[in-house]
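The block underneath contains the structure these notes are about, expressed in structure tokens.
By written order: A, B, C and D. Residues from 1 in each chain.
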Amino acid sequence: MNIFVDYILIPIIKILFIITFVFVAVLILIWLERRFQGFIQSRLGPNRVGPQGILQSIADALKLLTKEDVVPHQVDKFIFNLSPIIVFVTALVVFAFIPFGTDLTLFGKKISLYLADLNVGLLFIIGFNSIGVFGIILGGWAAKSKYPLLGSLRSASQMISYEVALIMSLVSVLFFTRSLSLVEIVKAQQEMKVWFAFIQPVALFIFFVAGVAESNRLPFDLPEAESELVGGFHTEYSGMKFAFYFVAEFAHILFFSALVTILFFGGWLRPFPNVSWLSFLDYIPPVFWFLGKLAFFVFLFMWMRATWPRYRYDQLEMISWKWLIPLALANIFITGFIVILVK
Amino acid sequence: MNNQEEQKEIPENYEKIVNKINKIFSTAIIEKKFERGELTLTIKPQFLIPLAEFLKEESDLKFNFLSDICAVHFPKEKEFEVVYNLYSIIFHHRVRLKVKIKEGESITSLTRVWAAANWLEREVYDLSGITFDGHPDLKRIFLPNDWKGHPLRKDYPLSGKEK
Amino acid sequence: MIKKIFRKIFLIDLIMGLLVTLKYFFLGKVTVQYPEERLKLQPRFRGLLRLYKDEQGNDLCIACGQCIRACPDSLISIYSERGPDKKLRPITWTFNLNRCMFCGLCVEACPTNAIRFSHEYELAVYDKKKLYIHKKDMYLDENTRKYFKEN
Amino acid sequence: MRKTYLEHTKEIIMNMGPQHPSTHGVLRIKLWLDGETVVKSEPMIGYLHRGIEKLAEYRTYTQFMPITDRLDYVAAASNNLAWVQAVEKLMEIEVPRRADFIRVIITELMRIANHLVWLGTQANDIGAVTVLLYCFREREEILDIFEMFCGARLTLNAFRIGGLAHDIPVGFKEKVKNFIERFPKYIDDYERLLSENRIWLKRTKNVGIINAEEAINLGLSGPSLRASGVKWDIRKSNPYAVYDELEFDIPTGEVGDVYDRYKVRIEEMRQSIRIIKQALEQMPNGEIRAKVPRIIKPPPGEIYHSIEAPKGELGFYIVSDGSTMPYRVKIRAPSFVNLQALSKMIEGHLVADIVAIIGSIDIVLGEIDR
């Protein structure tokens, strides 16, 4: 097999596929959230542009593209322009390691449905994700006006405290996989014939709560709380830069739903992998299982946004430091103890 | 304002208030009037603070709620009438104190007795131009600080260029 | 006490909230798609002020000026003359829609029911001069109906 | 709150408003912030000052009626009621009972509409975005009832000195009865969404506390005062219209924090339903307007009449010199005096709490700035 096809052509196609997948998914997500929230509030969401309003988010994107990109004079130009890029890039890069399904055989060539399979995949993802926080902090700070300053300070402390909780909840999962690569994790669940969600419900709960906080979604969306800080860290942004932040936020949701499905609900495994008489479910290709579970968690994100009020800034910290992290630690010890007993 | 019949009969519960005040501040009340179920006492300016404290603390009067402060401008007599509407939440009765002051005179502030008077007096100062001495920060509340004139005076120009 | 702890651990109160929103998710919309669907107006709806004629086609308005006095901002101005039959008839009848707050005092004050509220509520215009409505545009017929539409 | 200040940190002065998503109108608050906690605050008002009291001196008593609609534009009917009853008390006119009953129904419906707007915006400021839409959906039904009654949805101008402009149309009673049966169910939904929700409790419990003496001293009135435990409602203490014939009870809170004000107003909505139900049953027939001279010239004198508006004690002090136009009108606006208590409630709280506290005292700037 020549090098060209294997190491250049296929990865490029995969990269293009991933980027288009993320963009299309984000556009649909934006439209879906507005429609979904509309229906919850007994009103119709956007339904003017295109059938059922599907082209609404494209119209929004075009509007943001053509909008004048206002750069306030007192702003620190370089960082002001840099921070949306940081947020956007980190939100996109992490998708490289998400395995969408098992290997596919196309024209006789085995193609794996993930861009790269790093054996330290999970560590890399979490690391990259926390770089995204810089984008928010610098963005708010560079705007040099009071509301974004408050917004960025809030997001700084929120991210740090929930990052800790996130990683600790992962540790208790990794007892069973012995490898950080996402593909291995799913394979481990396949061998153990059970999803980690049933073994580690506490870790799932902590991971999900930390995920919501990481992506600044409603119960914890202090940094861009409209009612208090007007626009939070992206008050001063407009036009394309604002679009970067907006897309990055939805990419975060997508990313965390993907992570939850892979780590706790067996990425592309059909439900109850070991139960034999359910084997007819195998006909549905694994990719749909992964996307189905992904859709469920995205639905959950939106549902929470529509229903619950918002925590106050210090309560937010209190939850993470007083509840999530001790819980995660206790969880690690207990699972560790059980694993030793079982061995 | 002329008041038609002189001594309309005052019902006993309001009569009680007047007697209690006369007992302590004999010369305070200049004129008392009972019309349409409301007792109005016109008092001398210097008795304002002691009388207000008395009405608030007195065991069976307990006017603990200052409803409203209003200034009525009488350009003919070149004087202001500052009207205090007091209410007692416990006994559900109302009394109205009136103080007549000449234009340009100032009046003692009641913020020591009722904290509610703070903004009400600032509004009267802003719109009618009566200064309240002893007020924590007497400055305009509605109009911009550099506004000339007090709109609710009768001689305030209704149209024309701002001088 | 146990019930309280149970509720606290399994987030019962938060889930109850979710169920309420889910219930309304399936209950369907309440909104009206404005340009296509329109709400039915009640008979007493106070829309634009209109001048009315009697059967023979001459004005019901006898230019008595009651409405001018009744209006808080005196937005109506009438110039009237004695007609051949010695009765006062309005020659010009201008109405300043600019500052009208649709309070209905003029309609109530009019002795001959000459002015009444119509059911028009789309009163946006591009230039302000159109808001000073003159006598010929005060009647409710086909060309005045377009008065607000064609701009 | 950090007690010791480091030398080099100084407070940032932040400006909240006049265009701010949660100041319920053009209110500007100058905040001295230490980090996120409020050290000192000073509300600045006057952005919506229209000089309504000056306007009143150059209009007749009936002409001033539609302008009272614009005071507390969220609850226009109670402004009308206060003005109309003040003039009737001044001229000692006896209003027919049927008119009084209809007035009570309309003002109580307006009270529910006002509390719905309050609940929607309060919940939205604290983050629960859907409650706003549910509240406005119910309020839409009330506005339709008003449109059926007098043709206008918000600024009714339906009362006249001596009674009403016109009688209730056919089908009005059924529509109101239909609304009353369904409404308590909706309130239960709001309660289920908010009252037990732990996030809501965390955001509202022990926030913006004001005890009873301080509140009375500051002139607080209405639901905000009753939340501090003071059992005072003008409809009960100095009854006007036919309130003395209807029984309803006055909900009060204990601590006087944002949660108590929330609970008091939710309970008040239920009480209003009870009032409307009784008023509908006991409404007699008869004409709806007393014999009132065409041109209203009250005798010289003065009057102070106050009613229980949804936000507190709304009072009109009218001085008349015998002419057709009042010599001086002073409006005691509940929101104006309630807002004064804001800076005392805010001290020591975070920025996020300011938003909750402003929402909880339910202010409307039209009434504050007059």
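Heads up, the rule we're going with is that contacts are C-beta pairs under 8 Å (C-beta built on N, C-alpha and C of every residue); 3 or more make two chains touch, one makes a residue touch a chain.
Just so it is clear, the model here is predicted, and its values are computed rather than measured.
Path length between chain A and chain B in the chain contact graph, taken as the least number of steps between touching chains: 2.
Common partners of chain B and chain D, by the touch rule above, are absent. Of all chains, the one whose Cα centroid sits at the greatest distance from that of chain A is B.
Computed centre separation for the pair chain B/chain C is 43 angstrom, with centres defined by C-alpha atoms. Between the Cα centres of chain C and chain D there is a gap of 26 Å.
One finds 51 Å separating the Cα centroids of chain A and chain C. Within chain B, not a single residue touches two or more of the remaining chains. Among all residues of chain D, those that touch two or more other chains are 130, 134, 137, 193-194, 197, 199. In chain C, the residues that reach two or more other chains under the touch definition are 14, 17, 20-21, 24, 30. Chain contacts here follow an irregular pattern that is not a line, a ring, a star or a complete set. Chain pairs that touch one another are A-C, A-D, B-D, C-D. Chain contact summary for the complex, chain A toward chain D: residues 37, 40-43, 146, 150, 218-219, 221-222, 225-230, 305-315.
Across the interface of their complex, chain D is touched by residues 8, 11, 13-14, 16-17, 20-21, 24, 30, 41-46, 70-72, 101-105, 108, 117 of chain C. By the touch rule above, chain B contacts chain D in their complex via residues 1-3, 35-36, 38, 40, 64-68, 70, 72-73, 83, 85, 87, 89, 92, 94, 96, 114-116, 118-120, 123, 127, 140-144, 151-152, 156, 158.
Across the interface of their complex, chain C is touched by residues 36, 38-44, 303-304, 306-308 of chain A.
On chain C, the positions that touch chain A within their shared complex are 14, 17-18, 20-22, 24-25, 27-31, 33.
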